[in-house]
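You will see chain A twice below: alongside chain B first, and alongside chain C after that.
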Partner chain A sequence: MTTQSLEMYSFKANLQIVWSEVVKNFKFLMAYPVIFVFWTIFPFLWFIPFVFQGQAFVGSLQSAEFEKFAGTPDYIPFIVIGAILNGYVLTSLYGVGESIRREAYRGTLDYLLSSPCNKAFILIGKALSESINSTIYAAIQLAVGIFLFGIEITIGIILPTVLIIFLLILGLYGISLMLAGVSLQFKQAHDVAHTLEYVFYVFSPVRYPLGSLPFWAQVIGRLLPLTYALVAVRSIMLLKQNIMGLYQEIFLLLIMDIVAILLGFYLFNWMEKRTKSSGAISHY
Partner chain B sequence: MFHDESNDVYSIQTINLAKSFRKKKHKGIFGFLRKNEKEKPRGHKGVTVALDKVNLKIHTGELFGLLGPNGAGKTTLVKCLSTILIPDEGTAIINNFDIRKQTALVRASLGMVIGGERTLYWKLTARDNLIYFASLYKMPRRRIRERVDELLGIMNLLDRADERLEDYSTGMRQKVAIARALLHDPPVLLLDEPTLGLDPTFSRQIRSQIRKLSKKEKKTVLLATHYMEEADELCDRIAIINKGGIVAADTPNRLKAMVRETEIVEVVCYNPPQNAEQYLKSLCPDVEIITLIRGEVTKGSPSRIKLIGGNAEKRIGTVVDALRKKNTQITSLNISVPTLEDVFIKLTGAKLAEGGDARQ
Partner chain C sequence: MCPHGFTLANLKAETRAIWANNMKEWKIELAYPISFVRQSVEPLVFLLPFIVYGLVLIGGRYSDHLMQLVGTGDIVTYVFTGYIIMGFIGTSVWAMGFSIRKEQWYGTLESIYVTPTSRLSFVLGMALHSLLHQGISVFLEFSAIYVIFDLALRIEGILPALVIFALMMLALIGFGIFVASFAMILKEGWIISEGLYSVLMILSPVAYPLTVLPSIAQQASNVFPTAPALIGMRTFLIENYTPEVMGNVFLHLLALDAAWIIFGIIIFSVTDSYVRKRGSLGKY
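Entry: the complex of A and B
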C-alpha cells in the first residue's frame, strides 16, 4: 500500500487521468466518423443566414447604425467571434453532463466513482475533450471567416485572445461541474443546459452588441462570463485594443471563474453524496 | 489486515452494516432540496431493507462466498463495501481502512467485478479499456503497459487485445472485466455474480481464475453468487444471505451437516400439478418443507420435488400416489445428499432460484 499511497497524490498522475480521459473521448469520436461530415460542411453553411440577413436588412454586410453600438461596421467578423465563443459555451453546457449520463447508461459510472482518484480530474478531462472539439470547430469557422470575409488576424492578437478564451473556459468548467452534479441526481441535465444556453444566447452579446439591449437585459448580461469574454475578444480582434486596457473584463472573468469552480466542486460533491446515499448513483 | 481476540487476521469486516431503500415519492419541482427521508423507520411501508445489520469477518486470503437469491442483498453489500453506496448505519473495515472515513484507501485496496460485461467501453479495444482504467489507479505509464499485457496474457486475450470489445463474446468481455479488477494488484477482490450469463466453458475458466487468485496469489475474495454449485466448489466459507440478513456462515461441509441429519426425499418427475407444493403439504402436514423446482419444458428437463425434514421418508407412498392421481410421470425417487440449496431452504424457507417461500 505504501507505494500506491505515494502515487495517489502525485500531480503527474492527476495529469495522466486528465490525458487518459481526453484520449478515451478522442477514440470514441473516431469510432463514429460521421462527425467529420458535420465538421466539413457546417462551418460553411453556418455563415449563409447571416449574409442573407445582413443584405435583407441593410443591403450589405456593413452598417453605420451597427457601428454606433459595436464600434465596427462589419457584421460578419462580429458574428464569427460571437459564434466561436458561444461554441465553447454550448460544448461545456451539454458535453460533461451528457457524458456522465452516458457513463451511467454504459454501466461504467460505478467504476469511475469507485476508483481512488479525485473525480474532478475525470470531469476536467471530459471538459477538456469538449474544449478541444470546440477549438477544432472554431479554427475551421475562423478559417472560413478569414478566406471568405476578410477577417484580419495578426500574430500580436493571438496570445491575448487565447488568454481571454482560457479564462472563459475556466468559468465554463465550473458550470460543467454543476451540470455533472445535476446529471448524477436527475439523470439528465439536458433541459437545464438548454435553458442556460438560451440565457447566454439572449443576454450575452453573441449576435448583437450589448448596448443595443434594454437596460434590464444588459444587467442580466453583465452577470454572465460570456459577455466579458466577447467584449474583450472583439476589442482585441476587431478594435485592435491593447489587453492592458481590458483589465476590468479580465478581473471580472477571474472572479466569476473562482465562484463557478468552487460552486461546481461543491455542488458535484453534494450531489454525488446524495445519490450514493439514495442508491440512485448508477440509475440512468 | 486486523486481528481479533482469537488472533485471526481479517481483510474484510462488516460491523452492523445496514442499508434501506426508500420508494421514490414525487415531492414536487423543488422536492430535491428537501431532506432525504432517512427518518422513515425500517419496516415502514415503502422502505425496503436491503441489508439488516450485517456482521461478517473474512480472513485474509480466504475465498468467501455470499450465497443468496436475487434481491437478497448481495449486490447492495458489495456496493457498500466498494463505496458506491453509503450505508445508513454501521461500517466496514477493508484492508484496515474504514469505508466511511478512508474511502480513497479502501478503493485502492479493492478490485471489483460488478455488473458484468456491460461495464466496459465496447467501442474501445480491450487494451484501451485496461489502460484507461489503470490510469484512474494512478499507476506509472510504463507499469500500466506491462501490467495490461501481463493480464491480457493470463486471460488468453493477448492475440485479440487490439480488437474492440463490441466484437468480443460475452465470456471474453467478462475476462476483460476481471482483468480490470486486477490491474492495480489489489489485496481484496469483490466479485458479484462473475459467471452470470456465461456458457459452461467460460464459467469453468472464470472459476479456475478465481481459484488461482485465492490460492496462488493469496487474495481475499468475496464472491457473491446465487449459483450454489459455484459457491460449494470454490469457497472456503459461505455466508447465506436472505432478505438482507446473514442467516448462517460456515464452511460448505459444516453448513451441509446442518441438514445431514434431516431426511431429504427427492422425487424427479414430469408434469407435476400447478399447485404441487400446497397440494402435497395438505396431504403430508408432518413434513417440514416441500419445494418444487420446475424443469424447463422446452429443454425437456424434469421437475424436482423435495420433501425435507419431519416424516419425509415415511410419506413417500402418499406423495407417489397423490402425484400419480394428478397424471404426474415419476422417473426416479431418491433419498438425496444435502446440497447448499437444502441448507438455504432449511434456514430460510425460501428457494435459492426464486427467493420465494416454500413454507407457505
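Entry: the complex of A and C
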C-alpha cells in the first residue's frame, strides 16, 4: 500500500470506530428507554420549584430587581434556558466522564483498551453519541419551554445558539476526557463528577445571574465554559442581541475549549499509559 | 431456635438486626471518606441556589408578597426551615427505597434473605443510618446559613418542631417501606426514587407556600407528611408565621403515620412473597 492509501485506510478505520461507538450507545439507550424519559423530563421537575418560588416571592412573572442583574425581568425563561444548558453539563459529566467506568462494570474495558486502535477515537465516539442524545433532550425541553413558558425563537436565533452550544459541548467534553482519565487510574470518579456538578451549578449562572454572586465566586464562575455559554445564549434569546456583540464571550469559550480538549487528551493518554504499565486497568 | 412472632425476645433480636445493619452502613460509608464528606455537604450545595435566587428576585432578604401570604417576609429563614427536610425525604426514597437493591449490588442479597430476620429490619437499618447521616448534613446546613446570613428562629419552638418532625419521619418511614417494594420489582428503580423525590419537592412547601400551587397539587400535597409537617414546624419556629392551610397538624400527621406505615408494610409483604415466588429476586 502507498502512504496515501494507508492514511486513507486509517482515516476510514477511525471513522468506523467513532460510528461503532455511536451505534453501540444508541442500542444501550434503546434497551433502557426509561433513561431517555429521565433526561427529557426530569430537568423540568428540578426547576419547577424555582418557578413557584418566584411567584411566591415576587407575586408576578416579572421582577424589576431581577432585571438589574439579568437584563430581563422575565425570570422564568431565564431559568428554563439555565436548566436546558445545564443538562449538557450533567450528561457530559455522567455520560462521557463515567463511560470508562461503565465499560469496567460491563467487563469490556480490558478488551477496549487492548484493541489495536487509537483510544481517542473511542472517546470521540462516546462524546459524539452523548452530544446527539443531549441535543435531542434539549430540543424537546426547548419545545416545551416555547409552548409553556413563552420563550420566543426565530430562525435568526437558532443558528448562533447552535454555534454556542457546539462550543459549550467541546469544552465540556474536554473536561469529561479528564474525568475519564481520572476514572482509569482512581476507579471511583463518581465523587469527582459530583463535585464538578456542584461547582457548575453554584458558580455558573444556571439559576441566577453571575453578577449576583460575591466577587470571588464570580471569578470561579468565569473559569467555567457554561458561564459564557449561558450569558451568550440568554443574550441572544432573551435580550435579542446580535451574535457579533458577543464576540468576547465566544472568543473566551473557544480558548477554554482548546485548553480543555488539549488537557483532556493529554491527561487521558497519560493515565492510560500509567494504568497499563502498572497493571491497574483490570483493578475494580 | 430463633425467636419469632410478637414476642419481647424477637423484638430485641430485630432491634439488634436494625442496629447491626446501621453499623454496617456506617462502616461502608466511612471506608470512603471523600464520598462521605461530599454527601454531607451536598444538601448545602443545593440549598444555596434557592436562597441566592430568592435574594436576586426581590433585591433583598424580605419579600412583601411572601409576607402577605404567610405573615413573614424573611426568605432566608423561610427557605432554610423548608429545605432541611429534603434530606429526610432522601432517607425515605433513596436510603430505604434502595436498601434491597444495594444489597444486590454488594452481592449479599441472597445471603441476607436466608437469615431468619425480618426483611423490614434491613430497610429500617438503612433508615436509621440515613437519619443519622442527614442529621450531620442539617447541622452543617444550619451552621453555614447561620454564619453567612443569620437565622431568625424561635428557640422555644424547637421542641414542638422536633415532635412534628418525629411524626413526619414515621410517615416517611412508612412511605420508604412502600418505595423499597418497588425496588424489588423494578431493577432500574433509581428513576422511581428520583421521580418521587422531585415530585415531593414540588408538592411540599419547601421554598414557597402551598397557596401558589394549582389547587389539584394542593390537594395532592395532603397525602404526604411533608406539607403538614413544614407548616407545623414553621408555626413554632418562625415569629408571626401564619399557616397557609388551617387544620390540626398533629392529627393530620398521626393519620398519615398510621396510613403510610400500614400501607407500606402490606405492599412490602405482598411484593416480597411475589418476587420470591417468581424467583426474580436475584435477577439483575
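Here is the rule we go by: the second predicted complex is superposed on the first by the 263 of 284 C-alpha atoms of A that agree within 3 Å, B and C clash if a C-alpha of one lies under 4 Å from a C-alpha of the other, contacts with A are read in each partner's own complex, and residues count from 1 in each chain.
In the analysis below, a contact is a pair of C-beta atoms (placed from the backbone, for glycine too) under 8 Å apart; a residue touches a chain by one contact, two chains touch by 3 or more.
These figures come from a predicted structure and were not determined experimentally.
Placing chain B and chain C on a common chain A by superposition gives a fit, with no clash between them.
Once the two complexes are laid over each other on the shared chain, residue contacts for A:Q241 go to neither chain B nor chain C. Shared-chain residue A:A13: touches chain B; no touch with chain C. Of the two partner chains, chain B is the only one that A:F186 touches; chain C does not reach it.
In the superposed pair of complexes, A:T72 makes contact with neither chain B nor chain C.
Look at A:D110: by the touch rule set out above, it reaches chain B but stays clear of chain C.
Once both structures are fitted onto chain A, a short way to say it is that chain B and chain C open up an angle of 90° at chain A, using Cα centres and rounding to the nearest 10. Between chain B and chain C, the shortest distance over C-alpha atoms in the superposed arrangement works out to 9 Å. Across the two superposed structures, the residue set of chain A contacted by chain B and also by chain C is empty. For chain C in complex with chain A, the touching residues are 32, 34-35, 38, 42, 45-46, 48-50, 52-60, 63-66, 68-69, 75, 79, 188, 191, 194-195, 198-199, 201-202, 206-209, 212-213.
Put simply, chain B touches chain A in their complex at residues 19, 21-22, 32, 36, 38, 76, 79, 82-86, 88, 95, 104-105, 107-110, 112, 114-115, 118-124, 128, 131-133, 135-141, 164, 180, 184. Here chain A touches chain B in the complex through residues 1, 4-5, 7-8, 10, 13-14, 16-17, 19-21, 23-24, 27-28, 31, 106-108, 110-117, 122, 185-186, 273-274, 276-279, 281-282, going by the rule given at the top.
Taken in their complex, chain A has these residues touching chain C: 32, 34-35, 37-38, 42, 45-46, 48-50, 52-59, 63-66, 68-70, 75, 79, 188, 190-191, 194-195, 198, 201-202, 206-209, 212-213.
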